[in-house]
Each structure stands twice: as C-alpha cells, then as structure tokens.
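What follows is a pair of complexes built around chain A, which joins chain B in one and chain C in the other.
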Partner chain A sequence: MDRKLKEAIASKLMLLATVFSSLLIFAVVIGLIQKSRPILATHSLSELLLSSSWFPLRGEFGFYPFIIGTIWVTVLAMLFSLPLCLLTSIYLAEYAPAKIRAFIKPLIDLLAGIPSVVYGLWGILIVVPLIKDYVAPFFGYSATGYCLLAGGIVLAIMVFPIIIAVSEEVFRAVPHEIREVSLALGATKWQTVKHVALRAALPGVIAAIVLGFSRAFGETMAVMMVVGNVARVPSSVFEPAYPLTALIANNYGEMMSVPLYDSALLLSALILLLVILFFSIAARIVLLRIERRVM
Partner chain B sequence: MDRRKIEEDFFKGLMILSTAIIVGILFAIVAVVVLKGAPALSLSMLTQTPKGGYYLGKGGGILNAIIGSLYLAFGATALSLIIALPVAFYLREYASERFANFVRLSLDILWGVPSIVYGAFGFIIMLYFGLRACLLGGIIALTLLILPIMTRAMDEVMRMVAFELREASYGLGSTKLEVVSKVISRQTLPGMLTAVLLAFGRGIGDAASILFTAGYTDYIPHSLFDPVASLPLAVFFQLGTPFPEVQERAYASAVVLLVIILLTSVSSRLLTKRWSRFVIK
Partner chain C sequence: MPKFKPHIRVKNLNLFYEGHHALKDITVDIPEKEITAIIGPSGCGKTTLLKSLNRLIDLVDGIEISGEVIVDGEDIYSTKVDVTYIRKKIGMLGQKPYPLPMSIYDNVAYGPRIHGMRKKKELDGIVEHYLEVAGLWDEVKDRLKSPASMLSAGQQQRLCLARSLAVEPEIILGDEPTSALDPISSKRIEEVFIALKKDYTIVIVTHILRQAVRLADYVIFLYMGDVIEQGPAKEIFENPKEERTKAYIGGEIS
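Here is the complex of A and B:
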C-alpha cells in the first residue's frame, strides 16, 4: 500500500510540474499582452508598426526603424551563414574522414557554448575595425564600422554551430541504401548529395534553418554591441541600425520614468515573441507535411 | 564525364574551404579574446571586489561578478532541475502520446524564445511581486531560459533507454515510480549530467535575461533580495567605459567566463565517461 501511495503522490507531482512547464509559454504571451495593452489602447497598430518617429517623451512610439533593423540583421546573418553552414555540414556528414570529423565536431559544439557577449567583444575588436578600415572604403563608403554589416557578420557566426550541428545530424540520418543506389547508377558523389541526400534531408535542414533564424532574430547582446544603435531606417549595410532586441536592452533603465515607455518596450518583446511563435509553429507544420510526402 | 568530375572537385573544394573558414573563425575568436584578456588578468582581478574608482581604472577586481555569476547559474540550474526531472520522467513513463507531444511542442517553442523576452517577462513577474532587481529575479529569469533546454535534453536521453530493461522491471512488479527512479534514472545518469551541465553553461553565459532582473552591484550579495553582478554584464559594462584600463578588464572578464564555460564542457565529457560505467549496455 505504501508503494502505491508513493506512486500516486509522485505521479500527481510530476503531472503538476509538466502542466506548469507546458503552460509557461501561455503565461509569457498573456503577461506581455497585458503589459502592452496601455500603448495599444492609445496608439493604433498601424501607427506603432509603420511610423518612424520614436520620441517617447512626446508620446510618439514608431517601431518601424527597429523592425526594419531587426529584419535586416537577421536576413544578412542568414545570407552569410546558410551557404557556409550547408557546405560544412555536407562535408562533415558525407566527405570528411572520421578523424577530421572527430576533431571538428567538438570544436563546433564549443562554438555553440561561447556566450554572446564574447561574440560581441570579438565583433568590436575584429569585425568593426575591419569594416571601418577595409570593407567600407573598398565600396566607397565611409563608416564607423558599427553598422548593419557588422551585426550581420557577428550573428552569422553565432548561428553557425546551431545550423551545422542539426543539419549534419540530419544528413547522417539519411539511410545509406538510397545513396548506394544512386552511386551504383553511376552518379558522382556530389550528384548523389545534390539529388538524393539533400532531398531526403530537406525537412531536417529546414528545421535547422528555422532554429538558426530564431537565434539570430532574438539575439540581443552581441548585436547591440556592434550594430550602432541609431533609430533610423538604414539605407545601406554600412549604416547603423537599431534592432528591437537592442531597443529593449538599452532602455530598460528609463522605462519606468516615462509614461507608456514600459508598455512600448514590452510590446516590442511581444512582437519578438509572436514572430518566433509564428515561425516555430509554421516550421512544425511544414515539417509534418514534408515528412508525410517523403515517407 | 569530365564536366561531372570538375563539378565534383569544385564543390568539394568549396566545402573544405567553408569548413576551414568556420574552424578558423572559432580559433580567431578564442585566440583574440585570450590574447587581449590574458595580460590584464591578475590575481587581484580574481580575488577582489571593485574598490573606489575601479571604473576609472583604479584597483580592485571582478570577484563580485564571478561569485554573482556562479550564484545565478547554480541557482537557476538547481531550480530547473527540480522542475525538469519530474517533467522528463512524466513524459517518458506516464503521459499519453498526445499530451507528451503537446508538452514537447511547447517546450520546443520555449527553447526558441529569445532571452531578452525572458528578461522582460521576468521583469513583469518582479513588478507584480514588488521585487527590485535582485538575485532571486535573475535566478527566475535564467530558469525560464534554461528549463526548456534541460528538459528537452533529458527527454531525448530517456528515449535511448532500452525497452527490454523497463519491461523486465515492470515484469518484476515495479511501480512506474520505481522504474523511473531506480532503473531509468540510473541508466541515463551520464546523459542527465550532460543535460544539466549544458543548461548550466547556457545559464552562466547569458546576459540579456538578467540585464533587468539581476541588476549589477560592486558587492557580493548576502541574500536572495540583493542585486547581483555577473560576468557577462561585467564584460558588457566595462567595455562601455571610455578608459582603456577598464576595457582591458572587460577582456579579462571575458577570458574568465570562457574558462568557466570550457571547464564545464570538459568536465561534462569526463564525468559522462566515468559515470557510464554504471550503465547496462
């Protein structure tokens, strides 16, 4: 009886913990919605999202430059990292000798563990001066180096390990037999990769890309340290930008002293969260569809 | 025939090149930070808290940030463990397939939520309870961040446990609780440890979630309600000062942070190996 009682109590406690952790996401969404209400009540959504005038003291909260900043750095980061990551993960999974793989895999895991401030620090020490002294002058721009491009490069490096780790696993999970069929038909290794492995691995690769995207989209510290933080819509990659994440992190100090400011900042946290939610769920649906089609 | 060979070589070359670039960047990051930070590292940096005029370049160290970061990361790891372990057990042994998938989906979504959002949410919770930036607030925000990481990692580890092992245990008349606590937990110990250390490493390196929840202070906190310094924020704030001496200390703080994270990852590998002795293969 004692064992049964223990079992009953323990299972209820475990259920409680499980329900709690699965409801957390709803708590976060509801909490942020509650706190964003005051600003949504006084400003129209189109004004908030499409206006460029950001003057909290005058009660003007236009998020447009910040939204554009976030989109630009994320897109740049994905543009830089995708080709490199795909090539590297294909190399590691299909071509690399076991020894090289055993050497590189832990290094990439290590890269994943480096904190974002360290990436930011490295960006300030290396990427920013490089852009200021070489890249921008080469294209005929003069820049401080603290710009969209620097943010994009640092973010690209930060998402490397995520995309590589996941997509490499995915490529290795592709059954050997279907590769051998392709090779036996006289295809070269690259043709096999291109037409067979890549195709079979597509759902997983998409998942890897979405993971990388979420990381880039929500990254705060590293981006904020190199991107310049000027609340203007940038007209080239050598101009500073101001992503939503940096906006929240930079202004939390004043947010309680200006009316509606706290509500505005928490609204930007809500926007970040909703976009991430949308992509996670969309990726899940796409994955289910593709899996059904492939199997 | 020739064209295919050229294509093959071209893409193989491209792959090797991109792998080399990525590995090169990793080395460049570690090398630059260590080379810049190591000269500024000294015993007094590690053993003293900031003294008067520290942020103008005078004496003192970052002991407040080192201790603070350890408090925050240990606190959050312990709190997450208390929640993650039962959840992982429940998902594995108790939950219906549908419910388990729902919980996994919500944890996966939580995993992708940016840490700054957890910072903001932690801040809302603190406002609600009337707390100011403090150790407890930081621990709560960090726990939100690492809980999904730890839970999903544990969940994956438990999937590996052989079906027969559990069946054998049930066959002997064990309750579910006995199966998870005496068979599965022992069998997955190395993997569980990896999950915990993975979460610890993420927790100690994160800055955005503790920015407004933990605050920053020159002192070592004495209670859960004192503000607390942390290494990532020590890097960030010291880098923001205009004085080269202070910026060098930011580099040194980054080295300390890197060393802690490296130690965590190495000890995770070593301990996993040691503890694997008790696993039935």
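Here is the complex of A and C:
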C-alpha cells in the first residue's frame, strides 16, 4: 500500500481513538447529570451538600457527613504517606546503591498490584485491633477501631506505590549533570538533593502527589472495610466515617425502592467526579506555573 | 624538574574504570596562574584526568584510583581532606552549559549560599561582580530574576563561569568549555579565560588545537591514558620531541 495512504489512515485512526476517549468523560458526566436531575429538582444544592441529616426514607438527603468523611480519609492518607513517600523516593533515586534499589523497587511495584480487598482484610486484622487496643486508649479514647484513622492508614499504604514509583522516576529523570554542577561548587549531597534535584523534580513530584490524591479519593473497597460506615460527621479520627465511595458501593442496587435514592447516589458520584476533575485541573495549573518559574 | 611554581602536582596517578586502565601512571605539574591545556585524541582520558583534579571522579561507581594529587601542598585524596572544601577551591566548567533550574541571580548566588552566605547586600555584590567578570552583566542586569534557561547557550556558559567564580576558587577546570558554542561565544569565553589567568590557575581540556595554541602557556599531551609529553606551549607546538606528539599536532592522529 502507498506509504502516504498508510500515514493518513494511521493518523486518522489515532485521532478517532483520541476523540472517542475524550468524549467518554463527557458521556459519563452528562449521564450522571441526567440521572441526578430528579433529586436536584426537589432539593436545593446547598441543602444536599451542607445538610447533615441523611434520612432517605423521609426524603432527606444531606451529603455533608459523607463529603467530610471523604475529605478526612483522603487528607489523613496524604498526611501519612507524603513524608514517607518523598523520603523513600529520594533515598531510592539519590542515595541507594544499585543493589538495594534493584531489590526494593520490585517490592514496591508488587505492592501496587495487591488487590484492594487484601488491603482491606489486612486493615481489619491488623490496623483496626491495633487502634482499638493501643492507639485510641493511648490518646484517651475508647473506640471500636473501625474509624477514620484506620481508613487513612490503609489508604496511605495503598497510595504508597504510586507516589513512590512516579516520584522516583521523576528524580531519576533530573539530568545527572546539574547534580554534578552543584557538587562541583562544593555542595554536600543533601544540599544538592534539596536545592537542585528536588527543585528540578518539583513539577513531577506534584504530579505524583495528585495522582496519589486522585486514587485516594476514589478508592473504595479497602476503605469501606475499615472505616466504620456511619453517616455522621466524625468529631475525632477515632470515630467512624462514611466516605462517598463507600456510600455508593454499599447501597447502589440495594435501596432502589426508596424514592430518589438512586438519583441521590448518582449525584454523589457526580460530586466525586467533579472534585477529582477539579483537583487534576488545579494541579495542572500549579504545574504549569512552577515549570514557568524554575525551568 | 619544572622551572615554574606548580599549583597542582599529580604524582603516579592511576585510574581504572572497572578494569579499564584509563589513566596510566600520570605525573604532571600544573603551573600557577597560567593556562594549561590538556590535549589528545578522543577517549585518551582528558576528562578523566580533569575530573580527578577536583574529585568529581568520585561520583563514578566502581573506579579504582591510586597516586597523589597535591594542591597547595596537600594530597586531595588524603582521607583527612573534606571533599566539599576541595571542590570549592577547584571550580569546574563543563562541556555543555548546565544552568541550575532557577533564576540567573540564584544561579550565581547558589555557591555562596551553600557555603553559608546569607546577607542580601553581599550576595548582590558578588552576583554583580562575577557576572561582570564573566562578561555577562550588561546583557542580564535587567532580568536577573528570569530563569537561567532563557539565556542563549553562549550566555549560559558565561553564567556557569560566573557561578563557578562566585565561590572564589583558586583553580578553574574547563572540559572543552567552548565545544557546544558558536564561534563568537567561544571567542568571548576564550577572552575571559585569558583575562582570568592573572588571578587563577586554569586547566582546560580541548579538542581544538588552534584553541590550545591561542590560550595555553603549558601543554599536556595525553595518548591512551599516558602522558606522552608535557611542557611550555611554545616547545610542544613548535618543537615536539615525541613522534606521537608530532603526529597529533600534524593532524595524523585525531
């Protein structure tokens, strides 16, 4: 066949695939908006988002506790994982001898492949009892262990591999020569890492963190297993919470006889999606600005 | 024995890259406050020798090194020596300009800052002074805060030179510092080097014989890891003693 023709077909095909996949996101958003209409028609958005009374049988759908639950679990997970992930990836990329790296890298990649349910079980068997018997009493709380803290810990461990893998790659992509420049000026290794490598890697590291955040936000199974699932605004990390994802997964298809229930759940899915979109866009903007400033 | 005051004395330096004998029993003296050119064909060990002079070679995994490099009477490979101190004293300019990912100002201020200087006023003075010395001040004085990567390659290389000078080294090493530049930028760098030699000991590696002729006071000819000949530039270029030096200068080996 003519080379030019092949070229034309290939590029058209790729364009088509690209258009199709970008249309998907619109299709999903439009579908969700369509389905959430009934509830939006009968309830004001501020009531849905800010009210704490969740009584579907009475027609009251306040998502506030679920939104707070989602945010808290995510924030806790990031608080636990960020410092550890950053230090680990810096160690692996900058300090670890080749042998240690070759040993640890696959282990971390392996963590990424473990199914969510397994993390959930591990949370129930280890994290929950630990919190119930030691951590909560230590801080003067009595708790079942099925709580925000457990959700945050399990989630933190689940986002580990992504953030570490991506940010380690980012660090290794920083040209060796600019480290040499810094060392040749008499900087110590740590000064070089802090002022040069970290700085050059910053946009990529932020991308890694956002990736982690998006996963944390949307992760359902493991969190649902340990977080307690009580529709109430938690007042401490030892209290149960009920993230949006868990709400959807627990109830969709079950409670469909209750009027407006499915519409309410799809609205919460829409909220989740919009928040994640918002995060990614915000991250892009931050990234662009940083790149313009330092690169 | 040399008739000049050596600033760097390399004695029986041997270096192996995982079995490959890259520097073979090198013994050379490098004169103070003059320009020394290291010449020789590709792969003969010029970069390796240069990086041995400020211990940047330490960064390469799996090397084996023996011998002495004595600077100001002190062996820089002695275990008592602080390597950051050595590198502060012996600056380096690379083959390609590598600006740090920060502003023009911060690039020059980087060295002084990591060595503990905090005062804004003094830093301003240092930045201006060394950008002047490197012949870049007039071109950048109005945009010190913009990213260094926005400069042209030639400007970047002068920035890198200013950055090296800002830590106040005594010795400047340059590894083919003009090879990535256009002729005009190369010429400017050469002029700066000539102006610098009254205060600094300069060692440059170069592929370009004519550049060595233009710049060098002293020449070291390396061939496959051996020093074949060393001496004042005039002698080496006009009256080389060794056959291989003659062949290299005559353009028969490259």
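Simple rule for what comes next: the second predicted complex is superposed on the first by the 275 of 295 C-alpha atoms of A that agree within 3 Å, B and C clash if a C-alpha of one lies under 4 Å from a C-alpha of the other, contacts with A are read in each partner's own complex, and residues count from 1 in each chain.
To be clear about the criterion, contacts are C-beta pairs under 8 Å (C-beta built on N, C-alpha and C of every residue); 3 or more make two chains touch, one makes a residue touch a chain.
Small disclaimer: the values here were computed from a predicted structure and weren't measured.
Shared-chain residue A:98: touches chain C; no touch with chain B.
Shared-chain residue A:4: touches chain B; no touch with chain C.
By the touch criterion stated above, A:258 is placed in contact with neither chain B nor chain C. Within the superposed three-chain model, A:175 lies in touch with chain C and out of touch with chain B [touch as defined at top]. In the superposed model, A:49 makes contact with neither chain B nor chain C. Residue contacts after overlaying the shared chain place A:288 against neither chain B nor chain C.
When the two complexes are overlaid on their common chain A, residue A:191 makes contact with chain B and with chain C alike. Of the two partners chain B and chain C, more chain A residues are in touch with B. Judged by the document's definition of touching, chain A residues 188, 191 lie at the interface with chain B and also at the interface with chain C.
Chain A contributes residues 98, 175, 177-178, 180-188, 191, 195-196, 199-200, 292-295 to its touches with chain C in the complex. Only residues 3-4, 6-7, 10-11, 13-15, 17-18, 20-25, 27-28, 31-32, 34-35, 83-85, 87-88, 90-92, 95-96, 104, 107-111, 113-122, 124-126, 157, 160, 164, 188-191, 211, 214-215, 217-221, 225, 245, 248-249, 252, 265-266, 269, 272-273, 276-277, 279-281, 284 of chain A touch chain B when the two sit together in their complex.
Partner chain A is touched in their complex by these residues of chain B: 4-5, 7-8, 11-12, 14-19, 21-23, 25-26, 28-29, 32-33, 36, 83-84, 86-87, 89-91, 94-95, 102-103, 105-110, 112-121, 123-125, 144, 147-148, 151, 175-178, 201-202, 204-208, 211-212, 232-233, 235-236, 239, 250-251, 254, 257-258, 261-262, 264-265.
Interface of chain C with chain A (complex): residues 54, 56, 59, 61, 84-89, 91-92, 94, 96, 98, 100-102, 110-111, 114-115, 147, 149, 160, 163-164, 167.
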